[in-house]
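Below you'll find the structure I mean.
Should a chain be cited, it is by its letter among A, B, C and D, assigned in written order, with residues numbered from 1 in that chain.
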């Protein structure tokens, strides 16, 4: 069967069975695959689910990690880039951490580049800035909250 | 509840909940327990099932391994030391390996200490000797067979 | 020697100290915050005491709780590791008052070197070269402007109580000065509860070279040569090496720097292990920067090259033993390099990446030293710094130490969180790095010139196919529609059934 | 240097060589038998070629298949490791004939040293001391009786083609002689397809001390000092160290042994790495035993003390480079000790224990070198020797190297199979061992005096309770009848739910 694979952002059609034909693939440790290709190369691949994304995998090869997504071409092609409503933009946590300061309130007008919220993890503070001028539509977190990576902190419109 | 525990051959009554009371026990890796005892000692215990024996565990502590069995005292106490029929004695494989030579046939008379069968693993041959004078009642393996640890090779009576 | 030693730290350095204690037959006591119950240092210690919430100020930085844990467990000495209470003079004094040996320098030596401005005065008085600038905290922006005009731009603003790059600002022109001073000062206040900032001439493209010193309580002090730690990101060291490519290229430089470092440390009445940091330029000129009055994160590279064990010596010196090594006995053999493996995402501006380690493979073999604080299945907490492990290599030459590191990194895999392993792999292959053309802005320039190409066609295809196979195997078995039975599928499936 | 190197071995030594190749940027080719598809050396190599069934004679010992794999993959050199084809002169010659570099000595040097009797003659001619006895294979029991009467009992019978203790018998009196000769001869025939046996005076309580030599193809040869390998079981080394406690206690002994070893090796036209084995007694007298014409299992202890990488040198020498190290450049620094971790059961007469490794924890930190061929989840096959990994420590002194080893062993856990880890722990605490009072019968005597006490009350009780907890957690949850909720149970269960 054909799939659409994206590897480090580059999309390609993929017939995994054809690619693996003639190869020997063994899961030697959980998620760790020893691959002997048809031409004799020994390659170790470490597959882990990408946090919080179904159908997305991080594949480690020779010390480097490649982001892989797999999509059945029969599925609807586009999943919608934003949250639907044009102009609304989610500000998501770039890392797991704790919200140390919320710098704006719902209804505030903000400029592009203005600080919105500060998230801290591992002694490092990261100030989320507004990607555009607009209005704060919604603030979803309070100072002191613990957030997961990708969690929406607030919405600008 | 009370149990009967055997540790390295020494039997003792055991109330595991009483022993663990006040301690903190966390399975930090599969089968690996970090124990903080009530008096503050940090002890790591590695529990693995003893191959081929239900209710028997190997527990590694500080680089040493202790053989532990647990028995509910309400169970029948003795499991019978032999295979039932008095005088019959099973000769079991002491290690996993391959049978390289069978030195006797069913019906042969054997002396105590006489070689019966040679098992090889890891380039080491181990000759199983008869524990007593008697007759070979049964030979269960042929040369070339692969045997598991504890598997009965032949029976002397 | 000691009856029992409490290790007032966590992570890899706590593990490092516990190992040394075990090797000397001394029982160890770990302390842990609520989120560290399952940490490796707790597993490895002989005893462990919970000391409260994740927040450092209520646990690892709380000297009362630490001292209480020591007295409850009967520990007669405390090793502070680095960070946390290691450079806290009050804590060292409180230990002394409680009759507990602080494994480090005296409280007065920590105090003398604790303020960068005071340390600068001591260094100047001892005759060590210092960067032109103030030894005193700046009163205000006007004073800063006057001094900057005298020493000339660019200038560097630095927190007097600082460390780790917090409260530092590089200022290129007068226009930026007032704002930078305000930022540095408030960052210093937040980080160190001390807003004092001083000013120095900025050395452009400086190299960070530091001297390890070691002295006993009987007045004998030696240096163990230099480490070069120029490869930094946001003023945090990332790669360290011993010896320094710069110092080895300039005759006599090690001896001059070593002598200066010993002078400064002696002037402060220092004993135990310490590090005197210098800025250096490519001509071999060097300037006293500050002294770290504790064991350094990067001490392994010095240990590998000098064959001396600094933590063992810390224990012996703290117990009052004489340092039996003379300066002329110290030999530097080969080359060592250390990479700090961090839980961070190099592809997203090095943001922290705490979380559960799903799979872990660690390197070994010849010339490898690993100081790790993690294990498979452990959840790296978000509450502390992102250092997971230090990977050091030793080899006869710098080139081989680098190639050995590349080999070791390829054996290393930490899945479930992001790490900087691939970043190191790229950096170690960088031509200027291999040439030893280092400076503290190295990484910024490297990131500009580095272009990590995507995977080649075959690798990309194979990675996707294996990800597909993996996704199949983790679901209720769903056979591919192909009627052909290929070898890989059988083997893969056989294996999965077995495990 | 080479285009590509095939490693004709498996297990930890194949991994060791692959690592060195990677460090030098040379692609590696692994070979594997059917039961080794999942082995670590296959995972780590750049390419891998299947060479047939588990039986060594049809795979790792089959020179035709190995050479075929080399030519198919375009390898221009073969590293044989130790064991298997490493001391097979015909294989070395076949490599040469095929235009492939054999990374080791010449076929003629292997041949010269391959027969113990021939080697003995070379050693005698070169002026090295040899044990009184024959250099020729014994014709019959009558000849053996005559010679034994001349040199005096006890005598040792040895297979001419032997190694690893196979075909050896110690004979205390004439009455035992004929039977022992028959046994030794048939064992030699089985093991080496050569029944020849010779006779020597037995040195009582001898120490096994060997000299590492290294020579290039241009006539330059040096020695890297000694290793003491007296701690043996069934003539297999178990613990090795560098330097030797004996040799360090006798002035000039290293120099005398080293000179003798170089003489012998040169007389055989030797180059590359090799080891000249001696028996020694406590007076410092030593006798040539045999030469191993390959890399030795225990080479890491020499590497750790001399800072030289023997495998890198093997590659460079095989490629025709000059050995640039002079004898006077060789320095011995500190002390190193190695434990061979075997899959065997010390509590059941050291029977082999192949099987699946269910859980694996390996040691790291300062002064630790681990050369391992295993990983968690791997099934150790029953077909090859039981060596899992070599654990070496380095420290400034022998005492600290031992204590560090004890520390490292405590960090090591290999679950699912039996290993000799606990045996080492007990041996390293043995007083005569710590005194360095070693001889080749050391382990037999140690096992007689060793009494490993059972666990103390508290440990036994706790171990049983934790086993109980584990047994509960692995079954469909079955709550204990107690109404009391204790802390450990909650935590244990919480953890189990999470993972």
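Simple rule for what comes next: contacts are C-beta pairs under 8 Å (C-beta built on N, C-alpha and C of every residue); 3 or more make two chains touch, one makes a residue touch a chain.
Not measured: the values here are computed from a predicted model.
S.K.: Please identify which chain has its centre, taken as the mean of its CA atoms, farthest from the centre of subunit C.
M.R.: The most distant chain relative to subunit C turns out to be B.
S.K.: Between A-D and A-C, which chain pair is linked by the larger number of C-beta contacts?
M.R.: Result of the comparison of A-D and A-C: A-C.
S.K.: Can you give the whole-Å distance between the Cα centres of subunit A and subunit D?
M.R.: 49
S.K.: Report, in whole Å, the distance between the mean C-alpha point of subunit A and the mean C-alpha point of subunit B.
M.R.: That pair's centroid distance is 50 Å.
S.K.: What whole-number Å value describes the gap between the mean CA coordinates of subunit C and subunit D?
M.R.: 38
S.K.: Could you tell me the distance, in whole angstrom, between the mean C-alpha positions of subunit A and subunit C?
M.R.: Centre-to-centre distance between subunit A and subunit C: 30 Å.
S.K.: Quick check: what residues of subunit C touch more than one other chain, meaning two or more?
M.R.: Only 37-38, 44, 361, 375, 377, 410, 491, 495, 499 qualify.
S.K.: Which residues does subunit B have that touch at least 2 chains other than itself?
M.R.: Expected reply: 24, 26, 28-30.
S.K.: Which bits of subunit D are touching subunit C when the two form their complex?
M.R.: Going through subunit D, the ones touching subunit C are 15-16, 19-20, 22-25, 37-38, 44, 300, 303, 307-309, 311-312, 333-334, 361-362, 364-372, 375, 377, 395-396, 400, 403-404, 407, 410-411, 491, 495, 499.
S.K.: Which residues, counting only subunit C, touch subunit B once they are in their complex?
M.R.: Result: residues 29-30, 37-38, 42-49, 72-73, 375-378 of subunit C touch subunit B.
S.K.: Under the touch definition given earlier, write down the residues of subunit A that touch subunit D in their complex.
M.R.: Subunit A reaches subunit D through residues 24, 26, 28-30, 34, 36, 40-42, 44.
S.K.: Show me the residue ranges of subunit D that touch subunit B in the complex, using the header's touch definition.
M.R.: 343-345, 348, 351-355, 358-359, 361, 382-386, 409-410, 412-413, 415-416, 421-422, 425, 452, 454-455, 459-471, 473, 480-482, 484, 486-489, 491-492, 495-496, 499
S.K.: Quick check: in the complex, which residue numbers of subunit A touch subunit C?
M.R.: Contacts found on subunit A: 1, 3, 5, 7-10, 12, 14, 16-17, 19-33, 35, 37, 43, 45-48, 51, 55, 57-66, 68, 70, 94-98, 121-124, 126, 146.
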